[in-house]
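First up is the structure itself, then whatever we jot down about it.
Each chain carries a letter (A, B, C, D, E, F, G and H) given by its place in the written order, and its residues are counted from 1.
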Amino acid sequence: MKLEKNQKLLFIGDSVTDCDRAKPEGEGLFQALGTGYVAIIDAFLQSTYPELGIRVVNKGISGNNVTDLKARWQEDVFDQKPDWLVIMIGINDVWRQFDSPFIPDRHVYIDEYEKTFRELVEQTQSKAKQLVLMTPYYIEPNPNDAMRHKMDQYGKVVKQIADEHHTLFIDTQEAFNTVTKDLYPAAIAWDRVHPNHTGHTLLAKTFLNEIGFDWRK
Amino acid sequence: MKLEKNQKLLFIGDSVTDCDRAKPEGEGLFQALGTGYVAIIDAFLQSTYPELGIRVVNKGISGNNVTDLKARWQEDVFDQKPDWLVIMIGINDVWRQFDSPFIPDRHVYIDEYEKTFRELVEQTQSKAKQLVLMTPYYIEPNPNDAMRHKMDQYGKVVKQIADEHHTLFIDTQEAFNTVTKDLYPAAIAWDRVHPNHTGHTLLAKTFLNEIGFDWRK
Amino acid sequence: MKLEKNQKLLFIGDSVTDCDRAKPEGEGLFQALGTGYVAIIDAFLQSTYPELGIRVVNKGISGNNVTDLKARWQEDVFDQKPDWLVIMIGINDVWRQFDSPFIPDRHVYIDEYEKTFRELVEQTQSKAKQLVLMTPYYIEPNPNDAMRHKMDQYGKVVKQIADEHHTLFIDTQEAFNTVTKDLYPAAIAWDRVHPNHTGHTLLAKTFLNEIGFDWRK
Amino acid sequence: MKLEKNQKLLFIGDSVTDCDRAKPEGEGLFQALGTGYVAIIDAFLQSTYPELGIRVVNKGISGNNVTDLKARWQEDVFDQKPDWLVIMIGINDVWRQFDSPFIPDRHVYIDEYEKTFRELVEQTQSKAKQLVLMTPYYIEPNPNDAMRHKMDQYGKVVKQIADEHHTLFIDTQEAFNTVTKDLYPAAIAWDRVHPNHTGHTLLAKTFLNEIGFDWRK
Amino acid sequence: MKLEKNQKLLFIGDSVTDCDRAKPEGEGLFQALGTGYVAIIDAFLQSTYPELGIRVVNKGISGNNVTDLKARWQEDVFDQKPDWLVIMIGINDVWRQFDSPFIPDRHVYIDEYEKTFRELVEQTQSKAKQLVLMTPYYIEPNPNDAMRHKMDQYGKVVKQIADEHHTLFIDTQEAFNTVTKDLYPAAIAWDRVHPNHTGHTLLAKTFLNEIGFDWRK
Amino acid sequence: MKLEKNQKLLFIGDSVTDCDRAKPEGEGLFQALGTGYVAIIDAFLQSTYPELGIRVVNKGISGNNVTDLKARWQEDVFDQKPDWLVIMIGINDVWRQFDSPFIPDRHVYIDEYEKTFRELVEQTQSKAKQLVLMTPYYIEPNPNDAMRHKMDQYGKVVKQIADEHHTLFIDTQEAFNTVTKDLYPAAIAWDRVHPNHTGHTLLAKTFLNEIGFDWRK
Amino acid sequence: MKLEKNQKLLFIGDSVTDCDRAKPEGEGLFQALGTGYVAIIDAFLQSTYPELGIRVVNKGISGNNVTDLKARWQEDVFDQKPDWLVIMIGINDVWRQFDSPFIPDRHVYIDEYEKTFRELVEQTQSKAKQLVLMTPYYIEPNPNDAMRHKMDQYGKVVKQIADEHHTLFIDTQEAFNTVTKDLYPAAIAWDRVHPNHTGHTLLAKTFLNEIGFDWRK
Amino acid sequence: MKLEKNQKLLFIGDSVTDCDRAKPEGEGLFQALGTGYVAIIDAFLQSTYPELGIRVVNKGISGNNVTDLKARWQEDVFDQKPDWLVIMIGINDVWRQFDSPFIPDRHVYIDEYEKTFRELVEQTQSKAKQLVLMTPYYIEPNPNDAMRHKMDQYGKVVKQIADEHHTLFIDTQEAFNTVTKDLYPAAIAWDRVHPNHTGHTLLAKTFLNEIGFDWRK
């Protein structure tokens, strides 16, 4: 297992990460981590490796795009001094281009996305022991679907930044693609974005497998 | 305009028809027709042909499939004695097969759908002056998408019954297909089923054009 | 159709325009345009001319009179940089003289109304490609009714300003007068001001016909 | 003063009488008489003639027409054994003909109104010491207004029944007509039916003057 | 009638005056005058003397004592420029001495009460055409009751100030004393302070009789 | 201490007993005993004599008079098989005569009160090991106050029945009289009936002293 | 993996199972399985073995003990025709003996517990393909704690019945004991009964490991 | 009785003291002292020694530890000028170490606890006539339980500071230990911290006995 004793593991992202977490802290009692994949990861870590004392913090905020992350990076990342930082951002950057096509102020196009994302990673790399970059996703099995297609391009940006900076990398789109061979997207998310418990569990399982979690410990 | 003086025009269907209409009556003051395409149609009829005195009734109920319609047909159709009857049903019959694939009690397969739908039409034909059959739809432009594909088959059943019984027929799927050439489905309905005002307006406009409504009267 | 590709169409006014629109933005997802004539116009534009990409913004605020508009003109009009600006104001300017006759601070008499309205139009004319002035109205068929009579005078002021400045002009009172030949006012608005869906549809239809909207496109 | 010691004074009618009274009793602590003219009458009786011990009961129900009264006459009038019975009904009988013109099931036309009203009065006359018939009204000063005109006809029916049966009679329309010489209807009721405190006070004052109330006692 | 055309009549006081009035204005549509004696007075003035155009304003605030009034006198009295000013204050000044006997910071003893009240009257006399001083009261018929006894002393202070400055004067305690000969206090107010509609009507009737109101006009 | 191991102690009465207790059971977790004197007695018993295992049940219902008790005696007393039964009833029997003087159906006069109360005691005496009769009260120090005077008469009835049947007897009026020498009634209950925590504590303390509770155990 | 294609897996129990599941069905859309271990198990099954189409049903009801299960066994177990049945019951049977020691009607002592539990298992064995018995638990590491000690005895009863009838068996107490070596009980459940997400995850993980779930599939 | 006429008795602490008290004042009408031991103490003082006029103030705030008290000491203690000051703090200081073991920022370790507590006592001693120090507690009878063990150490710190400064001292842990010989902790507090009415009564009784309260006065 790649996580070590007493490390702080911070997740930042949009509504998929947020999931009604406590504001502003994002950790502690009373379901402060929300009800999504972050809470599932935390619960498996605490119940399986209680001796490690991993501290999990959730800094997702619904509706955020990469520009919104940049605006709160000092407070929500640097000031938190995480050992591990997990970033999943980009769904809203793409989605607004499709559900609000005529309001360009709410779009983040791929160049700005890439530039901002890379900037955040570069500034952070020396300050955290481990970065994990998760792609954005769209729970749509057809790769030629217009929004899925664009999301894939954003995902490739994430992969490229991960490669350049030798971070851990999680291809969430790939994870959903595997499941949607057997399940229609509506069985995971009516809107193909906000997953039900099945979808969040898939995200959590993929993450935990990536970091070498021992399920039968 | 095909509607005549003092006719009663009754809509029956699922949540797309329902749209928070008043229960149990479904007509009258205080937005009793709900907020969907039925209300839009009524508003155009009243504001453009006030001299005709068309009486519009909404009997949609959220979550209904064709079997649910059958169970309340006596009370919600026959007892109402409509001159015109508009039926749009089938989305839930299909959707449950995709979002709840392992709960077969909630599925209505195509044979039962066809048999029940035809039975309702046959029983009603002699009692109403005009029947209008609207297909179910799925706001997904890819005809090979599994759920869209199945919805098209249900839509064909509706067309066939309409042809057999010489009713008016409205292909709602076709209407959405035209718009999704320019707009991604998420701009009309995040879940590709429950339309925003744009989608409901499209349904209403298609209906009104079908019955010869004069927009510039 | 007079609207052109990618134009921004902004509506400003009182509660008839507002209709529970999102604050402060007045555009975007989740019924941000409210439930009145602005939302109806937008829905017809999006469903019929999706290729034009018209951006509709609602800046109505309940209770406003022309003086209130002036106070927020910089932020809600100039800063928005609309291509088209539609103004419908004056109902509250008149109504308070009749429902709160002894509280003169809440009245806007016709001289102040005319002066302020003209000032707003003059300041804006060079900044927007097209202005549309809509009269205030009172859904009362008797032209000798005291409040209807006064509202007509305010409507004439709007017409005169529209003529002077060669803007588009919509006589909403005339539109309601046509319908109230067949419908008693209470069938459109119990208080003769806040229309039900029929009344809002009449406003929207009148506007769309004025700008050359093609209903059967 | 015509009311005598320990008499029970019961009001029955529609929403103007109801005014959020306690259900089902309509008397007692905690504002059980509602907030309308019945409560005002009671308060003047209690504060001015506390030694008489008049018991006031409110049996108004919002939306009622004369047919609705008939259906609950046994329980809400006969079983109550009132000494005085005050009836004000008819506004909804007329209003629905104007605000819901195409739903005839909700209209009560003048013949049925007269027949039912007379029947109730005849059945009750021997059981109560004093009947008071109040006309319905419409707070509209123009006697040629279509709804006002019809309401006047219903009011004449009430007057005729009162004359035939020698009951007390209160012309509420006349009372409002006096005030609307100086006040526009919107200053009393935006919808010309549900009065504000000024309108309810006018009804109460008219009633109390009719029964010989001594205001300076 | 002592009130003259277009005069502004302002009431200031505690919860008995406040009665859920609109904040901050205290006048206008939607029951802005609250539900107590101020609203009753206004309704009689509007319904009986609509031609006078009296403007009534309510500036009561629940829980206030005379010190609280002083703190908001500039804004709530002087800035309002009333023609008539009606003051009823003192109940809380006394009540806290009895219900919170050990929290002296919340008591206003009689010397401070007299000094502050007189100061307010003196500062205002030249600015308003007519002052009306109403005593505080306690709906308790036993003059030897400790709180009633103290309230009487505060009432005498009000009378003395009224005499000195030749203002109108209303003895509300006397009004309640008359009624409590026949009604036990609990029939007017369970807590002997906050009256039901009967008690508020008594206050309004007393006021209106004092100013020469013609009930049968 | 008169209570013995494993005894069941049941309280029945009106709102003073009820105090928001759980319905229908009136015992168990989550503050099921309410927030009044019953809860205080229970808490002292459990915290001081945990070894006795006394089971306390609250069967108070707001608004009840002695007639209401009779109607539910089988279910709420006999079926419960209490060892001790504590009865405090009569406040509403009297109060309605004073706050609703003209609604005699809600009054319970002293003859009916005595007859019903005695009947309940006689029927119960053989079934419970110990009866405790508590007087009704009115927190008013003046014995000549009309309602206090009547309440005293009802209290004497209770005392007489207690004497006749050799039950325990608690004079709650006397307890309040002692305290109101130093505290004005409003410091215990604004309405002189529903006590604050101080008043409930007084009732509990009086009860516990009566049964020989050892406070310093 | 022991679960086979298209099997129905039904969980029955108390609040730990219930966790705000949908009533009455306990399956389907919108988080119908609640938020506890049942939902976690379902999410792992759907996300990892979507091709199996396992149907999970939750029939937990808060507060239930084994006697309550018996009362609803026909409807909630037999009528459901599950392939697998998982039973976890007993916590309330024990807990009420400790938190409500003086209310014996709410206790289920060990003999009744054993008899009822065995009876349910015997009646069901022939009707379901697989039974899984889970012990009740108390998240308290001290085996000499009075309630933990008693809970262990109830757990032994479950083990014995599982052995007798060759069902699957899960020792939930043992699972918690492992974790409480490193975590104090309050980190899992303030009340040592209702687990947070960590505790529910532990239950789910233990179950899934028992049935041969492949976490890395 | 150690309390003297007109003294002010202020309690400061965490949620056990707070118990939903009024904010910010913490004294006065409408249950301003909350529902816990402070309210019980006040009620016994007022009902038994009304002639002393003791003024009780509650300054508990849920979730506070000793560091939080320090931060508000000037405002909530010094500015209040209490005669008696009662401090009970430390439960959260310890609890967070057990329920949130991996979030050290929320822990207050024993050295900081002792230093801060002593500092507060020293600064306050000259300003208040009497200090009362109450230990924190954990309602767990097993002294070897990890959290109970640590709580005992914090309690010893309080005792030592009390001894050093000759304040009154109350060993709340000892009080609970006595009761938990007969009652399992869950009968007082499911979470072993927030007591039900029984537990709060125990705290109040212990306090009152310590100050020489005469229960039978």
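In the analysis below, contacts are C-beta pairs under 8 Å (C-beta built on N, C-alpha and C of every residue); 3 or more make two chains touch, one makes a residue touch a chain.
Because the structure is a prediction, the values reported are computed rather than measured.
Chemist: Which number of steps is the smallest that gets you from subunit A over to subunit H via touching chains?
Modeler: The fewest touching-chain steps linking subunit A to subunit H number 1.
Chemist: What's the overlap between the neighbours of subunit B and those of subunit E?
Modeler: C, D
Chemist: So which pair out of B-G, C-D or A-G basically repeats A-H, with more than half the contacts the same?
Modeler: B-G
Chemist: From the C-alpha centre of subunit D to that of subunit G, how far is it in Å?
Modeler: 63
Chemist: Please work out the Cα centroid separation of subunit D and subunit F, and write it as a whole number of Å.
Modeler: 45
Chemist: Could you give the separation in Å between the centres of subunit D and subunit E, each centre being the mean of its C-alpha atoms?
Modeler: Between these chains, centre-to-centre, one finds 33 Å.
Chemist: When you check subunit C against every other chain, which residues touch at least two of them?
Modeler: Those would be 99-101, 183, 187.
Chemist: If I apply the definition of touch given earlier, which pairs of chains qualify?
Modeler: Applying the touch rule to all chain pairs gives A-B, A-C, A-G, A-H, B-C, B-D, B-G, C-D, C-E, D-E, D-F, E-F, E-H, F-G, F-H, G-H.
Chemist: For the complex, give me every residue of subunit E touching subunit H.
Modeler: Against subunit H, subunit E makes touches at 99-103, 106.
Chemist: Residues of subunit C touching subunit A in their complex?
Modeler: 6, 27-29, 53-55
Chemist: For subunit G, which residues count as touching subunit A in their complex?
Modeler: 31, 33, 35, 39-40, 42-44, 46-48, 50-51, 179, 181-183, 187, 196-202, 205, 209, 215-216
Chemist: Touching subunit H in the complex: which residues of subunit G?
Modeler: Residue list for subunit G touching subunit H: 95, 98-101, 142, 144-147, 183-184, 186-187, 190-191, 193.
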